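As structure tokens, here come the structures.
Next come two complexes, and both contain subunit A; in the first it sits with subunit B, in the second with subunit C.
Showing the complex of A and B:
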């Protein structure tokens, strides 16, 4: 018995000693004093150096979007750094293209702030805010997708463009000891300013989605930052071909209902929604009803594996095949078109290919990939 | 052991290469050797950490473990020391030599779990090396590891484009290459006795 105690004690003691050495070294070595960060040539921030740029900016109220929360696994938190901060790190390389390298685009979660920096970020990020909200409603729309309604508390209103997303902060829970940040598109319309809706699909093992599905309670306080994103409707007359799957419904729903509300109903819109079987489909009545009221809007839900007992009488097949068939047979080929896609990377890449094969140029295809 | 430190140094690079005769540190050896530049960085980092930890663990063994008769805890203590050293080194290099830090990059923290590092420390203790011997043994083993990974990376550059059967491509061919390299290195192992 005493041997066990002594062993534990000694190992703890040695660990504590080494931890102390690390802490002391850290406080000396990692102390870079106060640094200045010049943003977009006009805003100057003063912050403590030594942490990654992403967190330094966040501590000053500028929230660069990041889907993975700073682990360097999503490649979303790109910023342009005009100061020389050394060569690209191996952790950055998978996410930075050759063109971006020439411009000095870096992953802000991988760049440690060691000296004064000059950076450029999208102007909208200077306007993105941190919101406090309460969970007003959590509703099941399918067996694995929940519709979350958040009522804004502070600030009380949000201005965003249909198709943009927010970054939800999930508090520590169960075995997860840190705040998890994940991006979710807003599914409600911008005219509703006092609350937002999000669609959250359960990802097995996903830190944030597990929380929303099993731990989140009504009336709970939650924080998010936003709005972010370049996924919004371009103001042209082109026909819109929208494709979504699963919770990719969210931004497309916001976009379509926003257009309808604003009375921009002369653009022809085709909305393809892909699912496996009937139990994965949702908002069916909502869009069917809209289709009745709006002659230029066409809603095409398609099931890849409908079950026999479901008596599905709509389109059957992979969403790419259905899209291909419609583009070839049903949709006027000569009209200019724009693609709006939201869903898994696999689905988006396949749909881009189908659209390109049918004469929609890549610059006219806008998408929101789940990272 | 009364072996000349310089002989030990060359022996641990060539005839008793830690990687090719003891097969320690294989995991990163196989995964990183895909790329010559990364191999070089990792080899450098391993050499660096191996030298420092071997010497440090020599002191820890001599002045902490033996006096307190904690021999049965040596594995865990050695590992904790290695982990801590890597942490401190990472911070120091980042501050003192950012260019070296960028070269070593993500490899430094990876080394904590490289078994060749622990292996060298354990051999050092098992064979009762003196401080000078340990220093040269650590440095030599590290350089041996470095040499082995750079050699393999260079060979893989060729074999990747070789018209090999599909089933052999990649890891299969790498294993065969390592086997042949090991035979070449082991061939001279009788020349110098290091243990």
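Showing the complex of A and C:
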């Protein structure tokens, strides 16, 4: 018995000694000191080296969007690195195209900061911040979409462009032991600076949407970063053809009401919103009311499969078919047009094709693709 | 089948927090090979062929995507909805990355339902891995059989 105890003790001592040696060695070998990061040729950060670029930037208040929290599994946190940081890692390769490799695009969560770096990131990321907020209201707008109102606590105001999104940090819950981050477009208007509204559709098995739909409580504290994204209205006189479905409503609602608030009402807007049946439609009264007040705004909700008892007298068909019909028959063909789309990649690709077939050039079609 | 180096690594990648927050093994205490072996046996007992079922799953996924986010009725039997999120997710066996795309399938005849992700279809087809019990995207063979009926 005593022999077993002595052996256990010796093994434990050796393990502890080895662990101590590894820790001490690590502090010397992996001590990269302070490194400088030059961003967009004008902003210099100083940070402690040794951590992945994504987290190093976040520690300095620069938040690169990431849908997986830096696990290298989403491919979202791409940045352009102008300094040689070695060959591409196997964990990066699935997400980086050949063209991106030529440009030096890397996954910031996979690149350890070991020396001074020069990087390029979208300019907007320099203005994104981390926000603490209180869940002010959670409201069902359909059976599977919730409207979430977040009252800002710190900072107390946000500046964003209509159409942009934020990354919501969902706390650990149930079997999920760590924070989950997901991107959601802001549906409220930029003039409302002390709170934001999001539209969140329940995704089966989705870590963040399950939390929002079944676990989130009014008055709880939550964090988000943002604003992000290049989906916003181009300042031209072109007619705007907007298309959305489901929670894709969010950025389009923000854009349309922002234009109305600013008095930019001489611009003609057609908004096509697709749903399956009446129970999938929402904000119908809101947009119908706006249509009454704004003669250049046209709201076209369309149902692909209305139920008989719903007595739907609006447009029927897939949103792409309705869009095609209107572009051919109802909308003035000679006026310059821009497309604004928000939804799944499948929906956006199909809408782009319809718009191109009807003379809208691809570079005039802007979208927020969930991809 | 043995826990080869490939399976050991895949099992590590399936833990919560490695690829996805919740992981792929749920509450299952069995090792990866045991899960695969036992599910293969159940599939066989139920008369389900991985290859044929995968063809059906991919057909549903394809048609659901064409539905542009709206419910699609397939073969007058299955209602299918697609949900998409930003970004991609890699296979824990490291043989591909997949869109974060989920289809919800409902058999309108017997009201049974199942969720299939683009990745879970790949894991089913290529690795015969139906995920551990308690995993949100586990393809339970008995439920699968009912949905297929």
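Everything below uses one rule, namely that the second predicted complex is superposed on the first by the 311 of 371 C-alpha atoms of A that agree within 3 Å, B and C clash if a C-alpha of one lies under 4 Å from a C-alpha of the other, contacts with A are read in each partner's own complex, and residues count from 1 in each chain.
Everything that follows uses one rule, which is that a contact is a pair of C-beta atoms (placed from the backbone, for glycine too) under 8 Å apart; a residue touches a chain by one contact, two chains touch by 3 or more.
What you see is a predicted model, and the numbers here were worked out from it, not measured in a lab.
Peer 1: Of the two partner chains, subunit B (first) and subunit C (second), which one does A:11 touch, if any: first, second, both, or neither?
Peer 2: Once the two structures are laid over each other on A, A:11 reaches subunit B alone.
Peer 1: Applying the touch criterion given at the start, work out whether A:89 contacts subunit B, subunit C, both or neither, answering first, second, both or neither.
Peer 2: Touch status of A:89: first partner only.
Peer 1: Return first, second, both or neither, reflecting whether A:203 touches subunit B, subunit C, both chains, or no partner chain.
Peer 2: second
Peer 1: Once the shared chain is lined up, is A:33 touching subunit B (first), subunit C (second), both, or neither of them?
Peer 2: Once the two structures are laid over each other on A, A:33 reaches no partner at all.
Peer 1: Would you mind checking which one, subunit B or subunit C, touches more residues on subunit A?
Peer 2: Comparing touch counts on subunit A for subunit B and subunit C gives C.
Peer 1: Looking at the overlay, does A:345 come into contact with subunit B only (first), subunit C only (second), both, or neither?
Peer 2: Only subunit C is touched by A:345; subunit B is not.
Peer 1: Give one of first, second, both or neither to describe whether A:21 is in contact with subunit B, with subunit C, with both, or with none.
Peer 2: After superposition on chain A, A:21 lies in contact with subunit B alone.
Peer 1: Touching residues of subunit C toward subunit A in the complex: what are they?
Peer 2: 16-22, 26-27, 65-71, 82-90, 96-97, 99-100, 102, 104, 115, 117, 134, 136-137
Peer 1: Touching residues of subunit B toward subunit A in the complex: what are they?
Peer 2: 38, 64, 68, 70, 73, 76-77, 80-81, 83-84, 87-88, 91-92, 94-95, 98-99, 102, 105-106
Peer 1: Help me check something: in the complex, which residues belonging to subunit A touch subunit C?
Peer 2: Per the stated touch rule, the residues are 67-69, 71, 73-76, 94-95, 175-178, 180, 182-183, 201, 203-207, 245-246, 248, 274-276, 280, 304-305, 318-320, 343-347, 350, 370-371.
Peer 1: For a test of understanding, state which residues of subunit A touch subunit B in their complex under the given definition.
Peer 2: Its residues touching subunit B are 7, 10-11, 14-15, 18-19, 21-22, 25-26, 29-30, 86-87, 89-91, 112, 114.
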